[in-house]
Amino acid sequence: MNATFRWPVRIYYEDTDTGGVVYYANYLKFFERARTEWLRSAGISQQLMIEQENVMFVVKSTAIDYHAPAKLDDAVEISLTAEKLGRASVNFSQAAWRIGDAGSELLCFGQIRIGCIDAVSLRPTAIPAIVLQKIKGLITKGPHRISDQ
Amino acid sequence: MNATFRWPVRIYYEDTDTGGVVYYANYLKFFERARTEWLRSAGISQQLMIEQENVMFVVKSTAIDYHAPAKLDDAVEISLTAEKLGRASVNFSQAAWRIGDAGSELLCFGQIRIGCIDAVSLRPTAIPAIVLQKIKGLITKGPHRISDQ
Amino acid sequence: MNATFRWPVRIYYEDTDTGGVVYYANYLKFFERARTEWLRSAGISQQLMIEQENVMFVVKSTAIDYHAPAKLDDAVEISLTAEKLGRASVNFSQAAWRIGDAGSELLCFGQIRIGCIDAVSLRPTAIPAIVLQKIKGLITKGPHRISDQ
Amino acid sequence: MNATFRWPVRIYYEDTDTGGVVYYANYLKFFERARTEWLRSAGISQQLMIEQENVMFVVKSTAIDYHAPAKLDDAVEISLTAEKLGRASVNFSQAAWRIGDAGSELLCFGQIRIGCIDAVSLRPTAIPAIVLQKIKGLITKGPHRISDQ
């Protein structure tokens, strides 16, 4: 099994702008959907993290390069690789690809760092042990073992 | 002073879609901004309503007719008239107008009903007395007195 | 086969607001996704409608009643029934349902009317014959035959 | 006059998520509003750029660090400094600040690079001379002269 997780996204009117392409901020929505589904694939619900553990993940930094624009009706795939797991943060490489008959075309690529914060104080806090364990399980499923930080 | 409240909105890329016009759901964002500013004009903060009164306003129903589309860079004005104030709800007439050199053009028009709910149980609850009083003050400032329900 | 079309939607952070529920305008995005997929199921691409036929669908009116709020991580299903097909418009009944272990719960219900317009002049125009034919095919697939208007 | 441009943004329900804070992608909307208003301050309309010059600006890269979250009702200010003007691109430093009684608090900071593309082919193209001249005028108004690249 590969450590790269993939999640399909379809481009709807809501995602596009008057330039005829997907609005640049919306790729961050697609990236977040993929991270949510990656967590869900390990049995982690972010709603339950808030309700039961009183913590949540927030984005600490993003660095995105835009290569080609997606358009209405495009079939897009979001890829995700966890690059580094810390006590209170996870670093990801993510990309968006247009899926076509002739293969995939890179739309944008980026580095995303998320951090765990207390849901009330909004201050950084350690990822709960039960969540951390599930994330480690996800990461080490792939052929490219990622050492814990 | 007129009971109709007005709030300006500028159309940005984020508001448009690949059809070259404002995406239809976004008029509901503009309408909500105007309701928020109308409440703020009476000293009502919805963040404080949640934090201090443990209640919030949610939309119960909308009925919108779309007449003409707004485009990128358009200067738009949102109008708001409170039509009926209940113990746990407020009914509004709202419209969006394009403001141009030759006058205003109606873009869309609608009826919105908001209700007050408990922020935890999400069940309907009475509008807090202090908030209700401020809303009454807003409504009766205008020439068209609106009777309380 | 039933004339009611269904499309699944998952609730992500992007869909929610600080009230802890899905922001009311976003149900219109979900409804639009379902209409787009319903058209796609008949082989109609809205991107190609713009590029090849120089027409597009826009929303003419909406009337929505909100019954219960969706929350982060909810599995939601959007239903769609075409109620009336005109020369230049289609009327739909649409609803959002939360899918749970104990069955479905109605979140909101509404009537949506879309119209066909020229993509340049933005004026109403007849639905192209090839598109109209495909929509008729979709509608008459179901057990509840809908007469053309 | 200072080369740093500032634009106010108010936080509405639409901007927040169930974590009680502004959704991370929405700062990119605020940054884009500020760039649009900066261009408008020099008499540049992006709608007219598309219609008359057949070109448009798109984002080529972003790098954002998130420091503190904005919440509902916050008064936020977006700052913008053009760092580098090329033949077909402009680099900006942008930040979001919460404006409070006790001063400003940095919410997020980033580098944004926009490029000019042909509105039909979507390929990179030179910024039209008339637009380039107006942007140069904007940049050189400030005390920190920026050399053209």
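In this document, chain identifiers A, B, C and D correspond to the written order of the chains, with residue numbering beginning at 1 in each.
Operating definition for what follows: a residue touches a chain if its C-beta (ideal position, glycine included) is under 8 Å from a C-beta of that chain, and two chains touch if they have at least 3 such contacts.
All values reported here derive from a predicted model rather than from experimental measurement.
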Report which interface contains more C-beta contacts, comparing A-B against A-D. A-D
Select the chain at the greatest separation from subunit B, using centres from the mean of Cα atoms. A
Taking each chain's centre as the mean position of its Cα atoms, how many Å separate subunit A from subunit D? 25
For subunit B paired with subunit D, centre-to-centre distance based on mean C-alpha positions, whole Å: 28
Rounded Å distance between subunit A and subunit B, as computed from the means of their C-alpha atoms: 34
Residues touching two or more other chains, restricted to subunit C: which are they? 13-14, 18-21, 25, 29, 32, 47, 50, 71-72
Which stretch or stretches of subunit B touch subunit D in the complex? 10, 12-14, 29, 32-33, 36, 40, 45-48, 50, 71-73
Parts of subunit D lying in touch with subunit C, wherever the complex brings them together: 13-14, 16-21, 23, 25, 71-72
In the complex of these two chains, what residues of subunit B are touching subunit C? 18-21, 24-26, 28-29, 32, 47, 50, 56, 58-66, 68-69, 119, 122
